[in-house]
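Here come two complexes built around chain A, the first alongside chain B, the second alongside chain C.
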Partner chain A sequence: MDQALGAADTPTVYFNVQRYDPEVDAKPRYDRFAVPYEPGMTVLQGLLWILDHVDGSLALRYSCREAACGSCAMLVNGWYRLACKTQVKDLRSKEITVQPLPHYPVIKDLVVDMSGFFAKYRAVQPYLVGGDGQRAVEPASGPGAPAPEEVAPGREFRQSPADRAAFEDATICILCGACTSSCPSFWTNPDYLGPAALLKGYRFAADTRDCLAERVPLLSGEDGIYRCHTIFNCTAACPKEIPITEALQSLKRMASRRLLGGGGGGGRQAAR
Partner chain B sequence: MWAWLFHRISGLALVFYLFLHLMVLSSATAGPAAFDRAMEELHSPLFLALDLLLLLAVLYHGLNGIRVVLFDLGLGVRRQAALFWMVMVLTALVLLAAVAVTWPFLFGGGRAG
Partner chain C sequence: MIRHRYLIVGGGLAGLRAAVELAGQDVAVLARVQPLRSHSVAAAGGINAALGNNPDGADDTPEKHAFDTIKGSDYLADQDAVEIMAREAIDRVIEAEHWGCPFSRFPDGRIAQRPFGGAGFPRTCYAADRTGHALLHTLYEQAVRRGLHAYEEWVALELVVAEGRACGLVAMNLLTGQVEGFVAQAVIFATGGAGRMYLRSSNALLNTGSGMAIAYRAGVPLKDMEFIQFHPTTLYGSNILITEGARGEGGYLLNNKGQRFMERYAAKAMELAPRDIVARAIQTEIDEGRGFQPPPGAQVGSGGGYVHLDLRHLGEAKINERLPKVREISVHIAGVDPVYEPIPIQPAQHYTMGGIDTDNDGATQLPGFFAAGEAACVSVHGANRLGGNSLLDTIVFGRRAGAAARRYVEGLEPAGPAGQEGAVAQVEAAVRSMQEKIAKLLRADGPEDPAALRDRLRSLMSEQVGIFREREPLEQAVAAIADFKERYRHIHLRHRGTRYNLDLYQAVELEGMLDLAEVIARGALLREESRGSQYRRDFPQRDDANWLKHTLAYHTAEGPRFAFKPVTITRYEPQERRY
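Here is the complex of A and B:
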């Protein structure tokens, strides 16, 4: 971004924001807003400035303002970004186009309907299931170890730091929905679980305390993991830079190993 | 996404070619005269140029196929972009070699075969 933004004189950037209220408008339109630039300004700050000073009817979602809640994902200059994490300066343009995440139904302006997204998230049971403990490390014994009765449900499922580290990347997802929105397999089949839900599935499948026998069927059905065709859009779109495709490839191997009767029990060996 | 899109397009082109191939072959089985005529036409610069396009589709689809198989084995997933460029460069090199070989027959008025 050239002198205009660095200099003290009238730094202005222009936000072209897609506006659409399906209940009123026949089709989306773009409103152009001149926004005074300040050093360090994020796209979210620009949108909030518009909301405060120009048009209070602009609809958008945000909450944490620090890339932690995942509610402000949108298309900024044609790419998937968190509005709160995106510096206007880094866009290297005075024209900023803001659109809602594609391939989700628009509720209003930048707010999309994520209910399908979260239904899939729930469908993969995003919590430890089963817990037959088969993959769990034996509980500690000897002096200093907790007495068995202190450990519900009768048994402690311990996990080594190395086993935890194997799926560390997958735990930092903030469910912003960018990856699933960017996935051509999801575009052509809206029932596909999509990268976000499958990544969450992998996060538990790779967890040594989870039960693979119960986990894998949740993820490997007709609309599951095998619909990933390694297109890599999700990995490119993820604002948290999670190597999603790599995780989904690991999940595929875990699932096919079980299908072929090869066990696939070990979280560590299956995850890498 | 481009790697995947090209893969799909080249795949569809190859399926289309397969049927075309069978049609041309069966038209050439109508007798010695028909066979000679078909061969004559297939040696024309136009068909040689189409052959180069075919080679492009085969090369890309095959090499990128290997790239995707590597991903399924869990290899190179984080280097997918570099692998894509390797596929492109290899495709271009082999294609250029093929163009060099067919050049005289395409533009030099020479007859292939």
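Here is the complex of A and C:
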């Protein structure tokens, strides 16, 4: 499993960790830690080894250590990664530089303030508005498909596997914040909702069960999808490999169709 | 001093479901992490409900779900509680679907259901192999919709009791180190399990049982703590969960001779026998030399031997559709692509069947204090939990605990000014003494290294309080834990600052882990029988005459005091488990 860094010939790797406590330090610095390498070691394990054995003041977020909870997105050797999903051997370097996610205020070391990120999440009404079986979105099977069956009380809304698959990619987002942090449009306009919040909006806009008439307008305002200039940084940064930019273009198409009065993208709303 | 009518500790599924139930009230959630980072997110394979959507399970019923759960529990579950869970399962799953949970679908558009271990019918509803993630995001979304008020990255430290009632909490804001008091009329703990006291565990790094330890120290008994589930299939090295759904979809377990060895342990159910049976079978194969060992000098992570989980015959398309996370984790963490190679797996601690003793509404023996989810023990899982029942437990009993807390508070006599001041004074006093304790800990300069102590505890628990148990190793473990507790009094901290001090936080949680380890090891020693996950080599049979009862552990200064409580039997007479 470990050809690049055999345990025998390279037992030590070096973590260069950005340290900064804005309440104490005038500016960030880098501390260099020698860490004994073990086969299978992830960047997160290396950081926790430092915390346990060298420097108890190191601040970082961790939880699931299996790329599901979104706690540990950070810059590793200059790129967006989940520390828990990044094998040290895959970095193909003994020098590992670790920095907090950029463009969020640093709280301490690798811990950043994500309150602004989650404020944007909340701004897109990130929840399914359903309940009456009426679709805001045409199913993937196309306009003219039969309306959802009358749902018996106490039973699920029906959704075809194709309709479910249409928003699968968007459901696997873990809200780690890497995409928004990587987005040049967000860098220049901090009010831009950003790829993570818009992807969440798309997840519901593309769900045949969602009935929020204002869903697409909510996402296509001044700070919404038209601020996406298809730079694709978000897609490249996403540790879950979600095609975020594509999803945002789908949202643009929904918004255009809605303005032109065509089907889909809330078209059914006009008839209600 | 912060006041809320209801205070929920823990932002995973059970806590959020309780919060949704109490929406519109003065309710707050206090959690160690942003709620989406909770361990619920890692649950993979699914959630059980007798919907009967699978053509092979069309005549499934809540009664059959209850029977499978009770049989799987080795008859230690309380049957009335299981009946409630099986009945309410359908409502809770449909509710989650109506709230937007992206369940996978059958061609007719109904929620898809797959076979799971120990279940007579394919009743496990799923969202690919990310069901916990799908449910947690859905519940968080619904909580946000209802104006969720959350204290994120706060660490609960102490449950405050005044005049025989829970009246508040002492907690620390991790970002600032500030110790703060919360006054509440009802407190609900949904703080998760205690898996991280084991070296090999599938659990999130946060799951150290802190809530259980706090309740225990406040005088609330813990129930059935000796019953620790070991999941059969975790990724060798990192012990990341490889879902039971992989076997539900048809995966094989193979030893180093290429044999599907489960035929010798559970000829009928094979790979889909309950977890305790499959975990023991795998460990036996490894122990008897039919597993795989890493080459010398190439031990990875937590080490140990392993066997193979073979999914290759399922084909790439099915793996990508039903088990995408298994493939992602196997490729990125172990460098093994299950489309082309078998996955190296080994058993590891997975679930804490025991927990804070509650009734069927999450109420504890302490008025005003409720618990739900893995932190609680109702008991619906008894001696062995079935896969797909833990997610169900969180939302069924999270809702019931929220509703019960509300009934409790609304039934209270309106507290006069004196009563309110009493609670405030008690919380203030608790805050002051906790501030002193934290300040003392921050100055601690003894010879003992808490991280090393924690690692020794973890190894001890995996080796001597693990899948196979026996008197002598258990007695050694009890003695070792007592030694660790003494050493803990002489630890030092590496960092004495207050802001985001993980060194301090980990030292605080280690104290609770030691208390719980003592309860688990002594409970395992006390229970001289084999039932579900508790397997005593020296007492290999189940002993209903003497041990068909729950263990209760009460905190005393000298260690746990044990008592027992009968198991509720409704209509399912205990019989031998055969699979």
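In this text, the second predicted complex is superposed on the first by the 227 of 272 C-alpha atoms of A that agree within 3 Å, B and C clash if a C-alpha of one lies under 4 Å from a C-alpha of the other, contacts with A are read in each partner's own complex, and residues count from 1 in each chain.
Methods note: contacts are C-beta pairs under 8 Å (C-beta built on N, C-alpha and C of every residue); 3 or more make two chains touch, one makes a residue touch a chain.
Not measured: the values here are computed from a predicted model.
Contact with chain C, but none with chain B, is seen for A:R65 once the two complexes are overlaid on the shared chain.
Residue contacts after overlaying the shared chain place A:N233 against chain B, while chain C stays out of touching range. A count of residues in chain A touched by chain B and by chain C gives the higher number to C.
By the touch criterion defined above, A:L51 reaches chain C but does not reach chain B.
Of the two partner chains placed around the shared chain by superposition, chain C is the only one that A:I174 touches, whereas chain B remains out of contact. By the touch criterion defined above, A:S250 lies against chain B but remains apart from chain C after alignment on the C-alpha atoms of chain A. In the superposition on chain A, A:E222 contacts neither chain B nor chain C. Residues 1, 3-4, 68, 71-72, 74, 77-78, 80 of chain B are the ones touching chain A in the complex. Listed in rising order, the residues of chain A touching chain B in the complex are 184, 229-233, 236, 243, 245-246, 249-250, 252-253, 272.
On chain C, the positions that touch chain A within their shared complex are 33-34, 36-39, 41-42, 51, 90-91, 94, 97-100, 102-111, 127-128, 130, 132-134, 137-138, 141-142, 144-145, 175, 204-206, 237-238, 240-241, 297-301, 325, 328-329, 332-335, 451, 493-495, 497, 499-503. Contacts from chain A toward chain C in the complex involve residues 1-2, 7-8, 21, 23, 38-40, 42, 48, 51-53, 55-71, 85, 87, 107-109, 111, 114, 118, 121-122, 125-128, 130-131, 154-161, 164, 167-168, 171-172, 174-175, 204, 207, 209-210.
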